[in-house]
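Below are two complexes that have subunit A in common, paired first with subunit B and then with subunit C.
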Partner chain A sequence: MKEGFRQSMAWLHTWSGLLVCWILLLVFCAGTASYYRNEITLWMQPELHAAAGQPVSSEQAATAAQTAMQERAEGATRWFITLPGERNPALQLGWNKPSKPGEKKKGRRGNFHSEKADPSTGEVLSKPRETRGGEFLYRLHFDLHYMSALWARWLVGFCAMFMLVSIISGIVTHKRIFKDLFTFRPKKGQRSWLDAHNVTAVLALPYHLMITYTGLVTLMFMYMPSGVTTAYKGDQDTFFSEAFPARVGETKAAGVAAPLTPFAPLVRQAEQRWGAQVGFVSVNLPGDANATVTLRRASGRDMSSKQPTMEFDGVTGKLLATYGEEMGGASNTHGVMYGLHIANFASPLLRALFFLSGLAGCAMVATGALLWAVKTRQKQAKALAAGKRPSFGLRLVEALNIGAIAGIPIAFGTYFWANRLLPVGLEERPKEEIAFFFGAWAVAAIVAQLRPTRAMWRIQLSVGAVLLASLPVLNGLTSGSHLGAVLLGRGPVAVAAFDLVVLVLGLGLAYAAFRLKPLPAKSVKSAKPATKADVTPDTAAGAA
Partner chain B sequence: MSASVQTEKLLRWPLPEALHYRLGVASRSVAAIVGGYLLAALSTMLLSVCLPMARVEAVMTATLASFAIYTCAVLWVFATSSALRAWLGLLIPGAVMAAILQWMDALSWSLA
Partner chain C sequence: MEWITNFLVFALCYAGLSCLCLAMDRHYADLHGRGAEPPLQLRRRLRWAGWLALAFGLAWAMHSSGAGYGTVVWVGSLTCCGLLLIWLLPYAPRHAMLLARVAGVAALLAALVLAVR
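So, the complex of A and B:
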């Protein structure tokens, strides 16, 4: 491109980063929130706050689940039981019923029914309000919304490749990567933004590289199927049965009724064999003579996403087969890379560090986008001082920056507010909450396009700040588990943690808005054009 | 703003400089996105059938490595001195790999 390797890499870094940064910011924000998707869902269902009961053994929980399913899931062909774990105190029960002839299929989930139950008794927990909760944010970070999941995944993968190229070329561009870690020159305009971009990028660099690459790995057989098509002549089923050991094919129902074997001895047997808890139970054809029960190990602290399973005869309780206990090096590597991305193994402290690194990633993307705008404005400084308008590209980027960096927190805040303020019995409630998320974001983005000014930054950051920082108050008013009650030990810790995190994020946004106070008259007159660069980058970290 | 001096001597089309530069960037972008993907896909195919390990392991290894290869291809496209060199740098190794795969009777044109 230009003279020299480093210069061409700097060019590549700039453009590969800029072109996709707004989608990346959404993916990063939603992905970072997904580390706490269970906790977010809990916060969004205040009806369940009181039900954080005593821990129950997997054996007891499995037995309770079996009894509950036999009563409530009559005629189902498959059962899915997620046993309680550290981060989800409730039993999660699900079942599939065959669709009756002539009945219309209900969406993509078909005749799937799910509910949460008390792990000691198996009773349905007081029916919580309907919400997609943290699950929406999790899906948003790779399926986007209002579009087909397939296209969305290709789009997100495309952006992730840009990100990967941008990270590698960004590393090459750096002359003094170590020194940059300790360099921050506040209140210096463009230089401050550069430092902030460097610090957030370099500080969590291993994380950024890991999360981008492993993100591609989670969907790699979709993005890069050529290995399977070549080595397996396109026979994907054979490949997947070898790569993800599980039984191939479906068992036909015998049509003869037979009682289901009790779960407790199976769970005991599996836990003895693995030396770890059982996390998931699925039953194929319950109540039929050909029933099978499959147990999967809980993810625990094991880094790999691939957990071994044991399959039992559903009538006699005899062990039929075990899968996934021995794995090849590459398969294990794949499992660990996948596992690193979803971080199911993370202890509370590690999870918090992942979350902070994710926030650093948001800040890296945001400061990078801002840096481009500030630099370009500097280049056009003479023309601007002479009264010319900013170029189309600059105006567009500045407006998109406001709509994304200040707009996404508004969307998140609105989503949580809608969760508490919409009537509990509302039809299609989850859809409405999501509509509020995108509605608020669309308004922010459009208004930003109309007037991409410093005042607009201030307004939108303030709105985001108010929406997020006041969530603890909203929670206190609309549920019994306000901060005070939880901190005194009467309520789930996760709810208090959510309140505190959104409070801190909201205060960060408020600080950013405060730093953007209107410029005093004399600095407007000074030769240096007034830019957003006058904000220090630590506020951007808050903004992200 | 312009491409390097040597390439201009070699490959200077009678075009205005700015247009020449823009076409170069456009050509490299296609080379990076499409050509880079094809190169990564071909190397994944080749590694999947050539690596001395169990078939499933070879496919796993090749597919895991594919995004690194893709990234390297993109870096090459934008680092080299001209768009023509960028294309050649992708097409020659790509053609060699395709020829080996064809000779092994393993070339698959369907990507899905």
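So, the complex of A and C:
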């Protein structure tokens, strides 16, 4: 009976994993990259590299923002100001223009204007090229693309649920989880793939469990609405305003003009109260007698994603209310789970550890997919030796593996190349960059379906390697902040770090391609060489 | 001093994992030749040292950066050190163990520096 249970779990592990592994790989790669989405966006806007300079106090930045907004955001009904922090040196200003009567609505964000400004003067930074930057990768990892966000989130949630099933059944199946904890035997075919799969899964197991579970938690109100529906009798809005009271309310305008209170004393008051920096300022109805100013604490080292806010009267500067300073247990649990998933609290070192664990996750998914192909090929070895063709399923999986594992790094690399090579003034530039991402990936995937061979692995891995490893050179040629300049202290460290990481990932891919050199005629039978190094880097590269 | 704190957690994790690894027959044999088994007393000592190092690492991480944050740092360090150790083992087992000794000594020194300060 016991053996039967374990075997049925092995079956569950195999199929729940295989069914969703290619989407999961994309989600994992894009999600891992999202740990550095600010840095990626900075890399993709070389016009801003020079501005990433002196830190400015949040009081000073808030004052500069207020002056700038009063000059430039005439007639706006809401202001959104993100103050500079350790990972975003620029001041981010946003406002919505009131839609004129008779004017067609341009969608939800149609009338929203946003720009980056110098935090000490409030002047607009030299207008950077338009790009979605790291934001695209972040959205990609739960909204996918070219489909409605709602369907995408259901799809990703479905995959995440399968992943959770896969992880738990995997733990049950893994008989020697402690005995084999440190075991990796390279160059032993299927054995090595299994070892690599086990090692990347078990060593980062706390991370895998955490990220999958909290990933589901981030969208739990969508996946499991019944609790809220029952408790609030279907009134979702009341629930959200009670659960997340910090959201800017819908106060009616008085229609009487009144000057806005200066931000600096408010910021000082909030920082004294919290003992931490203010990260975000929003203003409702600026210039009106009913104006309110809301300050939100910057995410510090606190694990919860929920930050307290203070609401002030926008004319007198009187404190009206505070929210989120004393949170209930459930709310706090939700905040910590959400916080763990997005890791905004992480110091640079901890962020790097999250990134590394994310790469281990990519490697786990990729080795799992490869393992299925290697095992199935083994089962069909006799038929294959007799000159028969591989079964349809095997061929399909092998082709999808190439398209995903070797194809995703190509897509990432192409996205970054397009960012630098497309003309700066191009119409709808962000869309074009994204089209290059998916275009390159589609080509890789289709070509892989046509010829899923060892040579195809080699070619695609090499292409990915060249695209990624040459990014530092491209950066040097198309911006002033090449590696040398940054090492001499004349340029942002984040850009140099990006260059080095993609270089390492590219070299990893190159090594994998090298290991796939044509076999001597006699051992053609074993289709792929098997070491961890062969797969870790190529999946990893996607996450750059 | 933040880096020395982080370093201590890392060094303890690496040294601890290496001790636990060396206490296992297979990995002891990797180093001392096929079929070699660690003497009972050595095995016991390695296990104790390994678990102690890991526990002390966790305690130190929690003490220096808070229970929640410290635990996350410690788990992340374990994953990182574990991957490094496993990657080194098949290719350069002696270097892996040399690194473990260095990490152990460095951890003692770092702990001393932090205690004196």
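Keep this in mind: the second predicted complex is superposed on the first by the 516 of 544 C-alpha atoms of A that agree within 3 Å, B and C clash if a C-alpha of one lies under 4 Å from a C-alpha of the other, contacts with A are read in each partner's own complex, and residues count from 1 in each chain.
Heads up, the rule we're going with is that contacts are C-beta pairs under 8 Å (C-beta built on N, C-alpha and C of every residue); 3 or more make two chains touch, one makes a residue touch a chain.
Just so it is clear, the model here is predicted, and its values are computed rather than measured.
With subunit A as the common reference, the superposed partners subunit B and subunit C fit together side by side. In the superposed model, A:L203 makes contact with subunit C only, not with subunit B.
Of the two partner chains, subunit B is the only one that A:G329 touches; subunit C does not reach it. By the touch criterion defined above, A:F182 reaches subunit C but does not reach subunit B.
When subunit B and subunit C are set side by side, the one touching more residues of subunit A is B. Contact with subunit B, but none with subunit C, is seen for A:S169 once the two complexes are overlaid on the shared chain. In the superposed model, A:Y232 lies in contact with subunit B only, and not with subunit C. Applying the stated contact rule after C-alpha superposition, one finds that A:T218 touches neither subunit B nor subunit C. Contacts of A:S479 after superposition: neither subunit B nor subunit C is touched. Per the superposed model, the minimal spacing between any CA atom of subunit B and any CA atom of subunit C is 19 Å. Residues common to the contacts of subunit A with subunit B and with subunit C across the two structures: none. The touching residues of subunit C, counted against subunit A in their complex, run 6, 17, 21, 24, 26-27, 65-66, 68-69, 72-73, 75-80, 82-83, 85-87, 89-91.
Listing the residues of subunit A that touch subunit C in their complex gives 179, 181-186, 199-200, 203-204, 206-207, 301, 303, 336, 340, 345, 349-350, 353-354, 356-357, 360, 532. Taken in their complex, subunit A has these residues touching subunit B: 1-3, 5, 8-9, 11-12, 16, 161, 164-165, 168-169, 172, 213, 216-217, 220-221, 223-234, 239, 242-243, 328-331, 333-334, 337. The touching residues of subunit B, when paired with subunit A in their complex, are 3-4, 25, 28, 40-42, 44-45, 47-49, 53-64, 66-68, 70-71, 74-75, 78-79, 101, 106-108, 110-112.
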